[in-house]
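Provided herewith is a single structure, encoded as C-alpha cells, for subsequent inquiry.
Chains: A, B, C, D, E and F, in written order; residue numbering restarts at 1 for each.
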Amino acid sequence: MDYNYTRSYHGRVQLVVFDWAGTTVDFGCQAPIVAFAEGFRQKGIEISMAQAREPMGREKRAHIRAITEMDEVARAWEAQYGRPVSGEDIDEMFDDFVPLLLRILPDHSQLIPGVSEAIASLREQGIRIGASTGYFREAADTVAAAAAVQGYRPDVAISSSEVAVGRPAPWLIYRIMEELNIHPAAAVVNVGDTVVDVESGLNAGVWSIGVAATGNETGLSAEEFARTPTAERQALVAAAREKLLRAGAHQVIDTMEELPGVIECINGQLGRGCSP
Amino acid sequence: MDYNYTRSYHGRVQLVVFDWAGTTVDFGCQAPIVAFAEGFRQKGIEISMAQAREPMGREKRAHIRAITEMDEVARAWEAQYGRPVSGEDIDEMFDDFVPLLLRILPDHSQLIPGVSEAIASLREQGIRIGASTGYFREAADTVAAAAAVQGYRPDVAISSSEVAVGRPAPWLIYRIMEELNIHPAAAVVNVGDTVVDVESGLNAGVWSIGVAATGNETGLSAEEFARTPTAERQALVAAAREKLLRAGAHQVIDTMEELPGVIECINGQLGRGCSP
Amino acid sequence: MDYNYTRSYHGRVQLVVFDWAGTTVDFGCQAPIVAFAEGFRQKGIEISMAQAREPMGREKRAHIRAITEMDEVARAWEAQYGRPVSGEDIDEMFDDFVPLLLRILPDHSQLIPGVSEAIASLREQGIRIGASTGYFREAADTVAAAAAVQGYRPDVAISSSEVAVGRPAPWLIYRIMEELNIHPAAAVVNVGDTVVDVESGLNAGVWSIGVAATGNETGLSAEEFARTPTAERQALVAAAREKLLRAGAHQVIDTMEELPGVIECINGQLGRGCSP
Amino acid sequence: MDYNYTRSYHGRVQLVVFDWAGTTVDFGCQAPIVAFAEGFRQKGIEISMAQAREPMGREKRAHIRAITEMDEVARAWEAQYGRPVSGEDIDEMFDDFVPLLLRILPDHSQLIPGVSEAIASLREQGIRIGASTGYFREAADTVAAAAAVQGYRPDVAISSSEVAVGRPAPWLIYRIMEELNIHPAAAVVNVGDTVVDVESGLNAGVWSIGVAATGNETGLSAEEFARTPTAERQALVAAAREKLLRAGAHQVIDTMEELPGVIECINGQLGRGCSP
Amino acid sequence: MDYNYTRSYHGRVQLVVFDWAGTTVDFGCQAPIVAFAEGFRQKGIEISMAQAREPMGREKRAHIRAITEMDEVARAWEAQYGRPVSGEDIDEMFDDFVPLLLRILPDHSQLIPGVSEAIASLREQGIRIGASTGYFREAADTVAAAAAVQGYRPDVAISSSEVAVGRPAPWLIYRIMEELNIHPAAAVVNVGDTVVDVESGLNAGVWSIGVAATGNETGLSAEEFARTPTAERQALVAAAREKLLRAGAHQVIDTMEELPGVIECINGQLGRGCSP
Amino acid sequence: MDYNYTRSYHGRVQLVVFDWAGTTVDFGCQAPIVAFAEGFRQKGIEISMAQAREPMGREKRAHIRAITEMDEVARAWEAQYGRPVSGEDIDEMFDDFVPLLLRILPDHSQLIPGVSEAIASLREQGIRIGASTGYFREAADTVAAAAAVQGYRPDVAISSSEVAVGRPAPWLIYRIMEELNIHPAAAVVNVGDTVVDVESGLNAGVWSIGVAATGNETGLSAEEFARTPTAERQALVAAAREKLLRAGAHQVIDTMEELPGVIECINGQLGRGCSP
C-alpha cells in the first residue's frame, strides 16, 4: 500500500462565532473603557479614554494594573495617596469594576448597524450562530439579554467564566462547536474586533475574520464615528484594518455588511479544497 | 494596506493524545469483543470473534444491535426465542454489557510492548501525554488504574462520558488540549488504532496517526499475533494499514516503536511550515 | 514565539512597463532589422531580413558580430574584401549603425493598433505606465517623441544607456519602479515581444507578459502581416507564442487588445494570494 | 501550444545585503539614540533613551517631530519656552543632528561580535556582500571607514542619500544588486535589525532575515546586554524576535553566528524550488 | 544555468473515457449480477443479489470464488454436494458464465438516462469519446452494438481482453489515449461507477470521476430506483458517493447530467495550472 | 459527505526507462548522424556533422527533408542535379538510410561509461529497467543485442515500430509500464538525451530526466569529448543542460554516474507526497 489519502473538507460554512462588544453590540467597544475610566475617577484619578483603552484585550485585572503602571497615572496616584499603587488597590478596583460594568452595560448593548441583516443572511443559508466573549458570565448574560430584545439570539453563547484560560486560547470556540456538534474547524468562522479575537480564531484553526471600523481598534463610539472628519476616520479605520491583518486575520471587513460576501468567498475557497 | 499575513506554526509537537484499547493497552483490542461474545453467550447465542468485532468503532448499543442484525445471528435468535430481537432485548444486553466489560477489563489492560519506551521518549522531549477513549467513565478509570501500575500515567485522561457526542467528533481531543492549555492544533498528535480514531484526529485538525498491528483493524491478541504464520500476519497488518491510510491518516505505524520517528518527522514538517 | 507570518500582496496591479519596438510601436520590430540590413548593404554585402533578425535581443555590437559569423555572410565578406571580418570592421559598422537607426526610426515609430486603447484602459484603473527599451538614449528619445505625438506618453521612460547591464537583467524595470516609487514587484507587470523581454520580467520578479503577433518573434511588418495567408500567419504567431511561453512568460497575448483582460486575471490571482 | 513553463531559480545565494547600525556595527543601535538625546539636551530638554528610540526606523526629521509630540516632552518644551514646538524648531534640531551624529558615530562603529566570522564564512562560499543604511551619505561613509579598519569591507555600500525614497522601499537593495549585476531576487538575502529593514527585504522580493538580540528592537548596548539578568534579557530578545517575525521576516536570528546556518537552509529551499 | 522550468498543461479536456455497465448503459449494473445469480441457481444454490454483487469489480473468476467462500453459500454448497467447492467447480461455473452473460446482456444494454445528452454536449466541444470495460471482448462488442443502435458510438472501445492486466491497472485508458493520439494525461477524464474504475483513473494519472446513483455502488435497477422511497434512495446514493470519494475520485456526480458542468470545472482548473 | 480524499503515491521508484543512443549506448549519439552524412555523400552531397544533427529528434524521413531544405544543401543539390529535391529523392534516401544505419550500428553500440554501474545500482534496489527508442525495430534489436553482450539487458525493450506515433508521444513508456505491470506514473522515471525524450517523459506524466554530456545535445563522440579543451567542452555541456532544462526536465544530469543520486532524490520527493 503505497498511497496516502489526504482528506479535505469541501462542504460549506456551518457555524459563525461572533464576539459581543465591538463586533455585534456596543459600537466602538465603549463599555469596558467607560467602566475603567469611571473606576479610576472614583479613586480620584482622571484617565483619558486612550489610556483606558490601551491594554484592551488583556484579562480585566491585568488591564487595571497596566493602567496604573502608565507614567502619568502612577504619578497622579502618588500625588493623591502619597504611595505607589499596591496589589490591594488593584484587587479593590477590580471588585468595584464588576458592578460598575454591569450597571453600564445596558447602555452599551445596542446592536451595531448591519448586524441584524448579516445574521439574517447567515440564518437563511442554514448557518448556526455562536457568541463568545471575554466578559465574565453576568456581563455576558446582560449583553445577551439586551441583544435578544433587539432580535439577535445566538444558538449558543459562552463566556470566559466557563473556560480555564481566556482568549487568545481557542477554548470558547471549541466549546461552541461541541455544543452544536459542528466540525471540522474548516466549517467554522470566527468574527471579532480585536487582535486577541483574531488570534483565538487562528489558534482554533477556524477561519478568522476581523472587523475594523466598529470595534476596539478604531475605538470610536457611533456618535464619535459619525462626527469624525472623513479623512481622519478613514485613517483610523485603515490603521485598525492593518493591525488585524498583521495579526494574521484571513480577511478584515470594515463593517458587518461585508460579512455575507466574505462567507461566500470562504465557501468558494472550501470548494477549491482550501482550509483555514 | 495591501498585504495579508498568513500565520503558520513553526514550533514542535507539544502534546500526543493516545487511545487506550488497541493502542496503548489490550493488544488486539480484545476486551470489548470478549464482552460482546460473552453477552451473547449468556443469551444462549454463540457468535464468532469476527462477528463480534465487525461493527467496532460504533457506539456500544448500536454495536449490539448491528450484531443482532447479522443474518446468522438473527436466525439463531429466532430459533432460540421464537421471535425477532426487540428493543428491550438490546437494552437488556447493553445493561449487562457494562458490568461484563468492567469485570473483563483488568485482564485486558496490559501495556502493549513498546508503549513504555515510546512514552518515555516523548516525555524526554517535554511532550505532554493525553488519553482519550470510547469507553464510558468507569471502564476508562479501570484501564487507567491498571496502566498506572505498569508505569503509564497520562497527564490527562478523558472518557466518552464527558462529552455529548463521541468519536469521530473531535471533542475528546479538544478537552484534553484545553485541560493542558496546549494549542494550536498543529502542535498536537492523535494516535489510535481504529478508523474512528483516525477521523477524530482529522476532525480536530491535529496530526492523525494510525497504529496497525496491535489494534482492532488487525484484531489479533498478542498470543494470536505471535502464532499466526508470518505471511498471513503480514497480510492482516497490511490490510489494517491500508484501512487506516484510506481513512486519511497522516501516517500509519505498525507498532509504537515507530512513534518517536514519526514525531521527529512531524517536527520536521512543522519546521517547513506545514500544518496537519 | 512559534509562529511565522508570511506576508503576501493582495492589492492590484499598479504599474505596467512596456517595451517600445515590437510592443507599443514599430509593428514587427522592423527598425533595427532595416538598419542592420542597410549597414551591411553600405559595406557591399546583401543580407536577408531573416539573417538580420536572427540574433535579435543581443546587444547591438554583439548582434553585428553574430551576423558576420554566419557562413554565407562570412564568405561574402571574404569575397568582397579578401580577408575575414576584423574587430575594427565591427566597430565601424556599429558606429555607422547609430545614425542609421536614428534616421530610420521616425518611419518606424507608429503606434501598434490597439496600444492606445489598452493604455487608456489601464489609465482608467489608475495604473501607471513605464517604458523601457534596449535602445540607447537618443533612439529611445526619438521613439518617445514620435509616440507622444500619437498620444502615448509613459510616466517614465528609461533606455539601456542608463544602466550598466542591459536586458535580460532587470535593472530597467527596477529603475522605473523606483522613479514612480511603486513596489512590491508583485504589483508590477512587464510587457515585451522578445525572449529577453520576458526574461527581464522574470529576473525582476514581476509578472512577465509576452506579445506574440506584433513583435520580433513573428517578425512581420503590419503590411506583411496583412498579406500573409491566414494559415501561414497563424503558424508564425503560434511559433512566436510557443517561444515566449517556453521562456517562462506568465502569459502570452497575441495583440495588445488582450492586455486589459490579462491585467484583470492577474488582479484575480493577486486577490487569491498568488505572486509572480 | 497548451503548455506553460514556470521558471524557478535552483541556484544558490549569491549576495547578502547587510544593514549597518544594530546589524553589523553599533551593538544595540545606540548612535542615533544618543544623538537624539544629546540634541534635546542641548535644547534644555531631558528625554529618556526609551523615548529617543521609540520612533526608530522613521526618517530622521520625522523621528524628531515624533519625540516632540510625546506628552511629557511637549509639556517640558512648553515649560522651557512658553510655547509649543514649531516647524523651525524641528528644522533647527535636524540641522544640529547631522554634525552631532557624525561626531558620535566613530564611538559607535565597533563590529558586533560574530560579524567578522559570519562574513568570512559567506566569502568562502563566493557570496558577495552589500551594505545599505538609513543614514545619509557622510554618516554611512564614516561607519564604513571605521568598519574597514576592523576588516569588514562590503563590495558595495549604498546610503539613503542615493535614493529618492528610503526604507521600507526596496531601492537600496535593488541598487546594490544592479551594481554587482546579481539577479534574480531569489539569489539575494537582506539582513537587518528593524521592522523597516525586514519590510524593505520583503518589498524587494528577496529573502528577509531579522537580527533580534544585537539590534534596535532589543535596544541594549553590549554592556547593557551583558549586565541585564538572563531572564529579562531573554524576554527582551524574545519580544524583539516576535516583532520581526510579525513583520514577515522569513527567519529571525538572535545573533550573526546563526547566519551561515540560515544561508545553508535558504540554499536548501532554493534547491527544492522555493522562492522568497 | 540555475533555472528549472516546470511545464504545466493549460489546455482543455480532449478525451473522456467512459465505463460501460452502470456508467453509460445498464442502470444499476445489473447484467453481471443477474448472470452470477443465474449461474449459482443452475448449480442448485440460491444466492441473494447482495451476495452476487459484493465482490463486484474483481476479475470474474475471482468474483465467483469469492461468492463460494461466503459462509452461507459454502454451507449450501456442502449441503447440496456433500463436499466443499473445488477449483474445477469454479472453472465450470466461469465457463458457464460467459454464454450466460452474453445471453443476458442485450436486455441490459439500454442507455442510462442523460447519457445521450452528456455525450452530445462533449462532442460539441470537440471532445473525443473512449469506452473501456472490465468485460471480455464479446461481451463488450455486444454492449457496444446495442449502444450504437441507441446512438452512442464512442470513437474507440477497448475491452479487458486486449490487455494483460485489467483494472484498476490503467492500461485500458492508455490504449485509448494511444489509439486517438491524445496526451498528456491531464487532458483526459475517466468516468466510471465502481471503486476500481476510480482507481484505474488515478493510476493512469487522468482526472477520475465517479458516478454514484446509476451504478454498481448504489446497485438499484432503474425500476428499483424509481420505486425506492426517497429517503432510502438518498441514503444509498450518499453511501455510494462516499465510497467513490474515499477511493480518491476527483469528483463524484450522481448522474450523467452533471458531467458537462464537471468538465467545465476541470477546464477551469487546467486554466489555473492544476493537474489531476 | 463533505470530504474529498486526495490520493498520493508515497512508494518508491519501481521502473526506469532508458533511451538507447546517446543515453545508454553510442556516446554522442553518432550513428544516425554518420548514416545521414553517408547517405548524402552517396548522392554526391557533402554535409557537415552539424547539419546532419540539427533536425535530430524528428522522424527520420522528416529529418532527411529538413536537411535538404538547408540553403547550402539545397544549392549543392541543384548544382549537382540541375533541379530541386523531389519527394522521390527523399523516399529513395530514406530507403537507403535503413540498411546504412543497420550496417553502421554495431560500431556505435558500445555502452557509455557509467551505464553498467548505474543499472547495477538500480537493480540492487529492485528497480525494473525498460528501454525505448526512436529507432525502428531492426535497429533497436541490433543495438539491444550488442548491449546484451556487454551485460546490459533491459527487462523490456520497445521500438518506435510498435506504436502508431513516436516520441514525444508517451506511448513507448506506457507500453513498457504495461508489459511490466508497473503503475502509477509517479513510480516511473524516463531518462533520455534529447528534447523529445524529455518531452515524452513529461507527456507520460513520469519523472523526466535529461542526460547532457554524453548525448545528442552535446553531440561529441567519446574521442571528440576527450580531446575538446575543458572550457569549450564545459560550454557545450552547459548549453545542452540548459536546452534539456528549458524543455521541462525535472532534473538534468551530465553523465549516468549521477543517476542513482537522482533516483534517491526522487524517492525523497515521493516520500514527501510530491508527484512528477
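Quick note on the criterion: a contact is a pair of C-beta atoms (placed from the backbone, for glycine too) under 8 Å apart; a residue touches a chain by one contact, two chains touch by 3 or more.
Everything numeric in this text was worked out from a predicted model, so none of it was measured.
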Contact-graph separation of chain C and chain F, given in steps at minimum: 1
Chain located farthest away, centre of chain E as origin (C-alpha): D
Most remote chain, CA-based centroid, reference being chain F: A
Classification of the chain A:chain B interface as same or different, half of numbers criterion: same
Contact-pair overlap exceeding half with A-B, pair selected from C-F, B-E or E-F: E-F
Between A-D and A-F, the pair with more C-beta contacts: A-F
Interchain centroid distance [CA atoms averaged], chain C/chain E, Å: 54
Length of the line joining the C-alpha centres of chain C and chain D, rounded to whole Å: 38
Cα-centroid distance, chain B relative to chain C, in whole angstrom: 65
Touching two or more other chains - residues of chain B: 3-7, 246, 248
Chain C - residues contacting chain B, complex: 2-12, 187, 273
Complex contact set, residues of chain E against chain F: 1, 3-7, 163-165, 169-171, 174, 177-179, 181, 183-186, 202-205, 238, 241-242, 245-248, 250
Chain B to chain E touching residues, read off their complex: 71-72, 246
